[in-house]
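In what follows, chain A forms one complex with chain B and a second complex with chain C.
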Partner chain A sequence: MRLIFEDTAAEPETCLEAVKKLVELDGVEVIVGPATTPSMLAVAEYLNRRKVPIIAPSASAIKISEEGGPYLFRTVPSDDLQTAALADLVKSKGWKKLATFVLGQDYGIGLEQGLKENLEIIAPEVEIVKSVRYDPEKMDYRSELQLVKDAKPEAIFFATWVEEGYVIFRQALEIGLDEALTFGGEGMADVAFFDDPSTAEFMTKTNMMGTKPASPKDRYYYQQFYTAYKETFDEEPSLYGDYMFDATMIAIMSVAKAGVYDGEKIKKAIPAVAEHYIGATGQKAMNENGDPLLAKYDVWEIVEGDEGPEYSFIGEWEKASGISWK
Partner chain B sequence: MNWAQLLLNSAITGSLYFLLTLGLTMTYDLLNFANVSHAELITFGAYIGYVVSDTLNLGFIWGVTASFFSSGLLGIISYMLVFRPLARRGADFIHLCIASVGYSLTLRFLMQQAWGQDIVLFESRFKAFTLGPIRLSWLGVSIMAMAIALFVSLHLILTRTKLGKAMRATSNNIVLAKASGINTEQVLLVVWFLGSALAGIGGVLKGCDTMVIPVLGWNLLIMVFATAILGGIGSFYGAFAAAYSIGLAENLSVATLGHLGLSTDYKGIVAFGILTAMLILKPTGLSGIKVFRRTLLRSDRN
Partner chain C sequence: MEDKVWAVAAIILLIGGAVGGYYGGTLTATPSEESVSKSDYDALSSKYEALQEISLPDVIKIGVAYPLTGPIAPITLKIIKAAELAAKFVTIREASPGGR
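Our next item is the complex of A and B:
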């Protein structure tokens, strides 16, 4: 087994080029990655045509289930579950006036729409006073943030990537948008935000909370992954490091099960392998769209720790039981 | 809607566009080609500003000063090593444009090698304050003050000094300027230095306001070209008016799109709608200066 690495630069065009290089030049028959939804959707048509399966560790948008096709699989659950968890969080907090500020691409729009749809079902009294979908290349968001501020929401839902997040939260702090509370999905649960003191100040001041796909941290398989990771890299696993590990393991085991190195046969083996696979992130049995059937979400909030801001896990969400607070 | 805040945000955006556009419109006017590598001078200024102010910890003022001189110097080097030799060999508008694209990519990859692909954030050193209905940071104040100060300084240079007269004469008719005893080569070097140095200042201010990435200048280039064209190529006063018009149009369009629940991705439609309408109705731009003049290149060959 040989691992060949390519950098997608989180750009759909670069990702497609890299995937074509892997398939055409290196003869790769199964791929693990990419990180983002636009990249995953960019390679879908090509991989379905070439019959090469791909397992994504972190691209979580709902659109992948709807439009991805048979050769796309994920170890991360689809955001339709996460938006249900977020709606439960809003309801349990009793917020009535919300604003949303999301990346104007499939990931952000999917989260915004999913949250609204779930709120209409479980908390129709909640009013969305302002929805902003931002352009990630603009790099200046004062006017967008001012719209949110003028609408005077009780809480603001953010879905950004870290890079623009720095600018957005710096500017939010500058225009005085720190009186509302804030919350977000798994993208906001990244310690990289704390590298910038102003960003960390905004997130702490607004008592940011949210959800992220849970890993059973007390279980043997997670512990095994965690220990090996720390020993190898001498640092904490990054966001989705555990999901990446499981995606890679399922790919390797599917090649073994297929018996031949052939994309079509590996694709058939993936659901069968996932059915019985229990990894760092738990059980990975998949539905007909290639998404995990079971998913738990951690509920987190940002608190001021001894060494600065940190994520504190304050609850857990499951579809059947909703949020159980710790 | 908080109109006062919207106007203030527009003024900050417009000030940045003015600083970023000035150099492009000056060199465009004299060499009569669109210098795409102007984008990299912006990025270069931002990186140098970061290194001096944050890495070497010498303070923001020194960062801005270093950006000014470093980008200015890079502009002169670019002119002497790339564009002047090409112009002297008879390269026309399209050759120089394509050369500037290639040169731009070369500079960008060199900067990527030097500073990597990751984003660079300036230290947050500018506090925000409330003034009546508006919130403002000292960085916003600095950006607007810098734009106004440069506008006044350049106005004085152009109208009250020998150098300004020489610059205007060279821009108007280089052959006549040469015949009148003006050292046009020296004027060109000054214009390249000033234009590039201003791009560097724009870059360090934009980088401090947002973040520094290898495509910082590239992402701004379309708006910079839009401002230059709207103002009328070569027009210093036109660029000033156009920068603030585009800044206002951009911020108004964000507010309108936000109220309609649409993505602010579409904001470009408003700014470029204005630009297209202007080109159809008044192709010479706000200043009324003719867009296509005789070129340095032809006169240089003469």
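Our next item is the complex of A and C:
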């Protein structure tokens, strides 16, 4: 058995070329990846046409369920569940005036729209006083941040990645946008943000909270993964590492279940394997879109720890029961 | 079985079956995550391992399309280690010549 790695560089065009190389030169009939939603959407038409399934461990936007097609699967839950969790968080905190500041691509826009739609259902009294979809190429966001500040929100929803986050949060601190509270999705739950002192200061001062897909850390299955990972690599698993593990396991087992190395047959095997598979991230039974049926989210906040800022897990969200605070 | 085309192989899942509870579709009901204790799990894993002699393609290739360079590579290079770990969890043992 071989894993064949191809670099997508987190760029949709590069990802498509990488996937074409895997399929056409390496003869691969099942793929794990890619990392982001634009990359996943960029390869969808090609893989559906070539009948090669792909299992994504970290691309979470709602649009993939809507437009991806039959050969796209995920171990990470769709953001439609995460935005329900985020709306529950807003409601439970009693925030009435929000602003949103999101990456102007499918990931950020999907989170923004999903949050708004869920709030309209469960908390229609909440007012969105300002929405910004930022251009990741711009790297100067002071005018947009000032508009948010002028709207005087109680809380600001951020969806960004680390690289732009450093700039956004540094500039937010510069203009004094640190009186509102802040919250975000799983993209904000990354310790890499703390590598920049200004970013760490902003996130801590604004008591940033948020959600991230939960791993069943108290369960035997996760603990086996965690122990093996730590013993093998002498480090903690990263965000999405457990989803990558499950995606790869399901891919391997689906080849075994198909009994033949053929993308169309492997694609048919994936839902059947997932139906019975309980992995590091829990049960992986899939819906008709190839997304996990069940998902839990951790609710986190940033606190000042003994050695600097850290993520503290303060609750858990499930669709049926909402947030259970610890 | 055509030995040149197929290898009769057994997937041995190294740590307690799989890290997850895949039961090869041989059970009539899917155990819920909550309902499986470790002892139940170990018992099922033994049963599962015995049932895992299956026909496999002679080559299994899993493509991993993920960022190895670029702005998020510091994060993604850690994530792909988990794919390597999954591959290590599974070993494929060829059966004796002629199949079982």
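Definition applied: the second predicted complex is superposed on the first by the 326 of 326 C-alpha atoms of A that agree within 3 Å, B and C clash if a C-alpha of one lies under 4 Å from a C-alpha of the other, contacts with A are read in each partner's own complex, and residues count from 1 in each chain.
Here is the rule we go by: a residue touches a chain if its C-beta (ideal position, glycine included) is under 8 Å from a C-beta of that chain, and two chains touch if they have at least 3 such contacts.
If you're wondering where the values come from, they're calculated on a predicted model, not measured in any experiment.
With both structures placed on the common chain, the touch criterion links A:F202 to neither chain B nor chain C.
Of the two partner chains placed by the overlay, neither chain B nor chain C lies in contact with A:F193.
Of the two partner chains, chain B is the only one touched by A:G104; chain C is not.
Contact with chain C, but none with chain B, is seen for A:A35 once the two complexes are overlaid on the shared chain.
With both structures placed on the common chain, the touch criterion links A:D135 to chain B but leaves chain C unconnected. Of the two partner chains placed by the overlay, chain B and chain C both lie in contact with A:E163. When the two complexes are overlaid, the chain among chain B and chain C that reaches more residues of chain A is C.
By the document's definition of touching, both partners, chain B and chain C, reach A:A9.
Look at A:L173: by the touch rule set out above, it reaches chain B but stays clear of chain C.
Using the contact criterion defined above for the overlaid structures, shared-chain residue A:G241 touches chain C, although it does not reach chain B.
Chain A uses residues 9, 163 to touch chain B in one structure and chain C in the other.
Per the touch definition, chain A reaches chain C in the complex via residues 1-11, 15, 18-19, 22-23, 26-35, 39, 43, 54, 57-58, 161-163, 190, 192, 216, 219-221, 224-225, 228-229, 232-233, 235, 237-242, 244-249, 251-253, 255-257, 259-261, 272-273, 275-280, 282-285. The touching residues of chain C, counted against chain A in their complex, run 11, 15-16, 18-25, 27, 30-33, 36, 38, 41, 54-57, 59-76, 78-90, 92.
Within the complex formed with chain B, the chain A residues making contact are 9, 104, 109, 130-135, 137-140, 142-144, 146-147, 149-150, 163, 166-167, 170, 173-176, 195-198.
Within the complex formed with chain A, the residues of chain B that make contact are 1-2, 5-6, 9, 12-13, 117, 119, 121, 124, 128, 130, 135, 137, 206, 209-211, 213, 216, 219, 250-251, 254-255, 258-259, 261-265, 267.
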